[in-house]
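Pasting in a structure now, in structure tokens, and then I'll have a few things to ask.
For reference, chains read A, B, C, D, E, F, G and H in written order, and residue numbers begin at 1 within each chain.
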Amino acid sequence: MHPDSLRQLLDQVATGTTTVADAQQRLSTLPYEDLGFAKIDHHRSLRTGLPEVVFAAGKTPAQTAAILQSIAATGVPALATRASREAFEETAKLVPDATYHELARCITIGSAPRKVGKIAVMCAGTSDLPVAEEAAITAECFGVEVDRITDVGVAGLHRLLAQLPRIRTANAIVVCAGMEGALTSVVAGLVEVPVIAVPTSVGYGTSFGGITALLGMLNSCSPLVTVVNIDNGFGAAFNAARIAHLSAEKR
Amino acid sequence: MHPDSLRQLLDQVATGTTTVADAQQRLSTLPYEDLGFAKIDHHRSLRTGLPEVVFAAGKTPAQTAAILQSIAATGVPALATRASREAFEETAKLVPDATYHELARCITIGSAPRKVGKIAVMCAGTSDLPVAEEAAITAECFGVEVDRITDVGVAGLHRLLAQLPRIRTANAIVVCAGMEGALTSVVAGLVEVPVIAVPTSVGYGTSFGGITALLGMLNSCSPLVTVVNIDNGFGAAFNAARIAHLSAEKR
Amino acid sequence: MHPDSLRQLLDQVATGTTTVADAQQRLSTLPYEDLGFAKIDHHRSLRTGLPEVVFAAGKTPAQTAAILQSIAATGVPALATRASREAFEETAKLVPDATYHELARCITIGSAPRKVGKIAVMCAGTSDLPVAEEAAITAECFGVEVDRITDVGVAGLHRLLAQLPRIRTANAIVVCAGMEGALTSVVAGLVEVPVIAVPTSVGYGTSFGGITALLGMLNSCSPLVTVVNIDNGFGAAFNAARIAHLSAEKR
Amino acid sequence: MHPDSLRQLLDQVATGTTTVADAQQRLSTLPYEDLGFAKIDHHRSLRTGLPEVVFAAGKTPAQTAAILQSIAATGVPALATRASREAFEETAKLVPDATYHELARCITIGSAPRKVGKIAVMCAGTSDLPVAEEAAITAECFGVEVDRITDVGVAGLHRLLAQLPRIRTANAIVVCAGMEGALTSVVAGLVEVPVIAVPTSVGYGTSFGGITALLGMLNSCSPLVTVVNIDNGFGAAFNAARIAHLSAEKR
Amino acid sequence: MHPDSLRQLLDQVATGTTTVADAQQRLSTLPYEDLGFAKIDHHRSLRTGLPEVVFAAGKTPAQTAAILQSIAATGVPALATRASREAFEETAKLVPDATYHELARCITIGSAPRKVGKIAVMCAGTSDLPVAEEAAITAECFGVEVDRITDVGVAGLHRLLAQLPRIRTANAIVVCAGMEGALTSVVAGLVEVPVIAVPTSVGYGTSFGGITALLGMLNSCSPLVTVVNIDNGFGAAFNAARIAHLSAEKR
Amino acid sequence: MHPDSLRQLLDQVATGTTTVADAQQRLSTLPYEDLGFAKIDHHRSLRTGLPEVVFAAGKTPAQTAAILQSIAATGVPALATRASREAFEETAKLVPDATYHELARCITIGSAPRKVGKIAVMCAGTSDLPVAEEAAITAECFGVEVDRITDVGVAGLHRLLAQLPRIRTANAIVVCAGMEGALTSVVAGLVEVPVIAVPTSVGYGTSFGGITALLGMLNSCSPLVTVVNIDNGFGAAFNAARIAHLSAEKR
Amino acid sequence: MHPDSLRQLLDQVATGTTTVADAQQRLSTLPYEDLGFAKIDHHRSLRTGLPEVVFAAGKTPAQTAAILQSIAATGVPALATRASREAFEETAKLVPDATYHELARCITIGSAPRKVGKIAVMCAGTSDLPVAEEAAITAECFGVEVDRITDVGVAGLHRLLAQLPRIRTANAIVVCAGMEGALTSVVAGLVEVPVIAVPTSVGYGTSFGGITALLGMLNSCSPLVTVVNIDNGFGAAFNAARIAHLSAEKR
Amino acid sequence: MHPDSLRQLLDQVATGTTTVADAQQRLSTLPYEDLGFAKIDHHRSLRTGLPEVVFAAGKTPAQTAAILQSIAATGVPALATRASREAFEETAKLVPDATYHELARCITIGSAPRKVGKIAVMCAGTSDLPVAEEAAITAECFGVEVDRITDVGVAGLHRLLAQLPRIRTANAIVVCAGMEGALTSVVAGLVEVPVIAVPTSVGYGTSFGGITALLGMLNSCSPLVTVVNIDNGFGAAFNAARIAHLSAEKR
């Protein structure tokens, strides 16, 4: 219940316009969505200018397009992940300035008003690129500068080490890795900011669609690592962006 | 190689005190620990005043005590996790001001010089307390204020909601939960700061020693959640403390 | 053996129409289907007016249609689950008043004669809808009123809480949830009727096709939860309907 | 907030004893535990006369005893599951009329005031008895008559069939089975009431501590089966008792 | 080395036609296929009149056809399992009297000269039929009479019990079952001959493609059960046929 | 119902000593244990002279002793598997002629009256001996001659091949193997009788307590292999003995 | 940094052409790729004449072709594994002398200049041939003679033993096996050179796509076995070739 | 059959001292252990001077001691792995010059006559030391020089890189690592000799007793890695020693 509405109701009680019984009835059925934390959900994007996010997997192109159109109508930016080209084409009919990011399989409509902070999105091989790119697009859409550092597997350590100066300027790091996922531990041993690890489903045989990478990351010998679900580039970037905002704003 | 040493060597080359061949020889075997990133490892604690950490599981009481003594001798604080009472007693003989935290199974020697920022450490039941306490002691030792919020399982939602005001003042949140781990998603839906989830090995049967909680957390419907290894209260608090420092310092 | 047949046989023995030897022979090969519990199977639907159920997965459209036709010929209602549109089209040729429920992938022919009791069928997201709708169609076909409550994930707790009054009028509750399945525990903590949980195969990566949700539900912190197989909306509704019948009839 | 308190506050607003601003302040911080659903938690046992339940595993004997003492002090019955003899002995010092059920590992203090309805608790072998007995004690404590039917494995089908008349008088059935858990399907094919299956950790090798039984039960060919966690006799009986209450009361 | 060849060689040594050195050389490289047990492999089918078996999965239609042609040329019967219709059509061009068994996905060319003994091949539902039929065709091809007993799931126990007289005339029993596989234990409790269980990949969700049935069978409470790989109707029938031969011949 | 009893009842009906109504009542409650298949269970041992079997794991020494005493009182032989020395000592007090087989952890009281047929019980290493010995004692107790062939691992193929003549005289073969279980396939490729494989829990790391051996056996390239549960020497021998009886009797 | 460059820089310092400060700056940012071990990566192929390897899975035909073209331009041989025919056709347009190995799914461009040493590549069945051929092509491309020994499963031991003389001339052995993988242990028991085992994804049901073979190989009773990932013929041959080079060169 | 014996037999045939029939009889029962490959097994140690190996786990101290005594009596060296102190003490009574290696849990009696080649045995932490030491003792016992390189985890990369010169002088490398096992890939990217990886059971939670490390190693991005069973330091060293011998001898 909006503070103004509550005040108005109490004013009516105070002035006798509303009876105590009526007020009691209305307050006892107080809808939860008016209790403060509801605002987080509905009004967060409007207040912060950050995008609304749509998980397009399992939705028809038409459904995705309709949801994005309704968000766009409110003026807040929008990001749809796991979106097919078909979903984009449906969306583009309704929201002409929608953009499709083929590799990341993301649709974006606008983005956060300004960039605050920087994250690095790292991956070892070309197969990890779609997940890394989902992370990068997410972070950019949420208003963070992104430094994409790719092709830095641990088997060619010198290439990774050569990127250290770039890596160390990030406020948070997203590492996308499949197979054994060892890149995470090596990177986390070289930096002092949180490293969010995304196991990717890249590999074959005993990579088990990302489980091996996930387990490796959960058992990292560096305490700076936290982990998200397999292929969840969005989730990793969402968290990294939040940390980057905090970190960058203080400077 | 310390910058001063390098400069000294080059000076010697410039002045002819050292031949080019000798300098080339010394530089070609340049020890890696002198290459900048080595300082992170050895000198981080001295520079930052943050504790050195010892993972005591799998070490004998005597080994743990000896390592802690050597750290204490350098004047930096120390934290030993998974430490038995026996390990503490051995340590106390060598480092009289060591403290044992029974529930958390931690030994601490000093702590970070001052508290910056605040995290909430939450858990649902008494069985999760040892992991939560490991997190809390870790965060305090690393210089973060800790708000312990316990007995807030999702089956009694009102108790959790009643703690919302406290929860929302934290800069980062650690949620320790066993069984189905649902607390994580509910909490992460109510806040706007990173939530680091620690699956605990609490439960029986199909809780599989924490795997069920881990999987639930990795699949959380809130994007604010990242996850660490089962029972890894230390790792969660280490990351939460870092985020809290960043978040708090800017204010 | 029907009581009348048994009496008739014994009468024949008593009157000498049948020899003892012949009677002994017939009774020693007494077919099991005549032993009382056989009636459950063959005559249950006729006696109760409840539908016969066909699991159409793994049957050809023609097979499904033929089975449904034979049931329809007996005058009892029928429900086919996991039925493709092709199966429906084959059926419609033979049973013109068959109905297809696209989202639920169910074919119904008639339904229980009247509605007794009410269940709530809840789910968190649009991806869970097919399973939830299979549950809802099942319950309606078996003669229970269904309140469909969707889009009530735990990450937006206020939306769920806002539905509490509706939820609390149900005699039993079916909760369909994928990913971490946390909705089950939260709902079961708010009601006092049995909650039957259906893990759905919704999710990716470590959702493992519903295993994570299943494990979460089996480890629910609320004792009111029992669980069925992944995506088994039919089974959950079948049990919920039975409980609702019991519960509602007594009022 | 208790209805009386709310009315009192509104009365004060109506009469001017409390200002609108003060009332607004108090209502905006309305504690969640006063919002209706809180009563479920705190007052359920007092209202219904049903026991409070304590899960004693992972609690010290002293902790269990203290919790049971505090419940006993309110006059409601209490049930502690997974309780060691030591826990009982501690409890008996504080609550003299506590009873220990050795096989079930349960402590009871009083029970529901009267028995309503009947459930059958079935198991196949002597090794399943502890879980079955936990279920039986739970149901009796919650006010349901219990018919214990043991030693009825599917390999000796005639023994099971000989119990059919007893089995069919139950309002709900709990089946505890380890190894392959086939008893569940056979029983559920012979009755018309809900069957709640408890996989037990009985067996060796590929019984995997109850996982095989659990999987068998989840895949039962009878739709009357729902399942709880391995060895969770309490949970199964809790649900069966609720169904029995509903079922029996209407008669 | 054929006994005649060995004798011939030794004769040559004895008569000096072959030098000791030459004989030593030939014997030291004595091909293992000549050492007795080799005959089992190459000459078994010719000696016994039993079919040669080809596992057609993973072979091209042309490869399967060519192998079958070469077997047919020797005059022994042949059985190809997991054979597509395409493989059959290729085979039929080369071996006109080849027969295709659509449901079983088997090609047969001739069969054992006479039927000895009888096995029962049982399954619970229509989905298990392809595996059961692979077993039945295999057994018939190997010269055993087969009694196909289908649609006898444990949820309708009377139907199974009604088949007892037929079941009990078999010399060995093959039970094919998916889902929870409980049929195996029930059948094995009713007979006195070996029961070979074939888990089938029938089911969904936690049936895990036959793993649940496999585990149930391995944990059967009847000691008469042995188990083969998932969907391995051929292997089960191969063993059952051997036992049936032994059992029947003695009568 | 015993045929004589049934005849007697029918005679009474025929002679009017019993009314039709009374006879109908008695027959309608016909106890299942009298329906033919019941005899299998209760009277099998008496009729055949084969032992009754007790699975002593999970039973107290006193329970095991009491069960064995009651069997011994009927005059049939008895076999208790997984029996501790304590169980034996309790038994010996009650049944003086009980024998304990330390390695096999079996108690035997008498055995089948005569030996018919022969099986080979094979294993690769000393660690597999307890399981192999359980199999051997079982088979001997059930009246089969046993040839123990040990220390024949596939890594020393010549030792295995040297035993071929002995192996080939068996009517059935039990192979107990842990680790990779390869012995099964090699043996089954050298014989023409059924091979029953027992995976043992011998090994470490990825032997997973026998799962690796089990999987290897289920995937054996020889079709003569069927499999039982891990460490289930009893079950394998029970089946092998039955086959041996069949096979040997015909000769 | 190339030794010449370093010397040049130091010369400049010695001669005053470069200031100490400038040299210090350049050396402190010393790119890791110049530190000796970098040469391994970039210059290994040029130095040794061994091929560069491209893992074509997950790359588009165009990408694979472009990478191969760039390698071919440097004059070193190239090997692309997991390459589709399409990838080859794209490559052939750019590199006319590229060769496609259909069964192995490999593209080769040139090979090592000469053959040193010999390995045996063994497999049991035709289904394992693609993996075995990937291994064989790899080894040949890397300059090792390959003896392909196929169709030597353990169920027909004599065929395997007949190949012993050939097998024993190899410097290292690659064994590709699916299903139970027993071939590895048998072979390793017959030779004295390292055996590298490749589990293949051949099989069905509980072969679990190669996991069963993998586990069997890891638990081999012969200590001469090491293992690579499922279907990783390339990796096994790469290691075997290296060992063969070492072994052969010394002779 | 020893070549001399064969020649002698053939000589007797040639000279008529033995009849053809007698020779045929002897050759047809030719014991397999005499067929050449038998020598590998029995005479390998005598011929090569390499130790006989005993796996003491699962053997009683007395059994281990007896086996070691019998080996020692032949004069060849012996190595017992997984040996308890008790086993050593029993052994020392029988073989006074036996040595116990506490950390490695190995008993050695003598060793290979001379050291040829060198391997590096590496591990990351103190918890991996027992496995690494088993590897080191094994290699030394088999006549290879061992360079122990410990405390070189990837989180402190500089420490690892500082050991590069030592690492690169090894002929083969054994890497023992628990947790995520990333050390393997990093090391294998820096060297050009075979790397044999030993996953250790070190870790907690999702380390799953070494499975996570095993999976990481099987999925290593470096092709130089092959893997052995969890904690199998012996197996890794056995292979590394063989490679080292080959590699070193050629120089």
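Here, a residue touches a chain if its C-beta (ideal position, glycine included) is under 8 Å from a C-beta of that chain, and two chains touch if they have at least 3 such contacts.
For clarity, every value in this text was computed on a predicted model and none was experimentally measured.
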item: Centroid-based (C-alpha) most distant chain relative to subunit D; value: G
item: Repeat of the C-F interface, chosen from F-G, B-G or A-B (over half of contact pairs identical by residue number); value: B-G
item: Separation of mean Cα positions, subunit E and subunit B [Å, integer]; value: 60
item: CA centroid of subunit E to CA centroid of subunit G, Å; value: 39
item: Centre-to-centre distance between subunit H and subunit A (centres being mean Cα positions), rounded to whole Å; value: 50
item: Of all residues in subunit E, the ones touching two or more other chains; value: 35-37, 156-157, 161, 190, 205-207, 211, 214, 218-219, 229
item: Chain-chain contacts as defined at top; value: A-B, A-C, A-D, A-G, A-H, B-C, B-D, B-G, B-H, C-D, C-E, C-F, D-E, D-F, E-F, E-G, E-H, F-G, F-H, G-H
item: Residues on subunit E engaged by subunit F in the complex (per definition of touch); value: 36-37, 40, 44, 53, 164, 171, 190, 192-194, 196, 214, 218-219, 223-229, 234-236, 238-239, 242-243, 246-247, 249-251
item: Contacting residues of subunit G [partner subunit B, same complex]; value: 3, 6-7, 10-11, 13-14, 16, 20, 23-24, 27-28, 30, 35-36
item: Subunit C - residues contacting subunit A, complex; value: 126-127, 156-159, 161-162, 165, 202, 204-207
item: Residues of subunit C that touch subunit E when the two form their complex; value: 29, 31-33, 35, 37-38, 41, 57-59, 63, 199, 201, 209-211, 214, 229-232
item: Residue ranges of subunit H in contact with subunit A within the complex; value: 124-125, 153-157, 161, 179-182, 185-186, 188-190, 203, 205-208, 211-213, 215-222
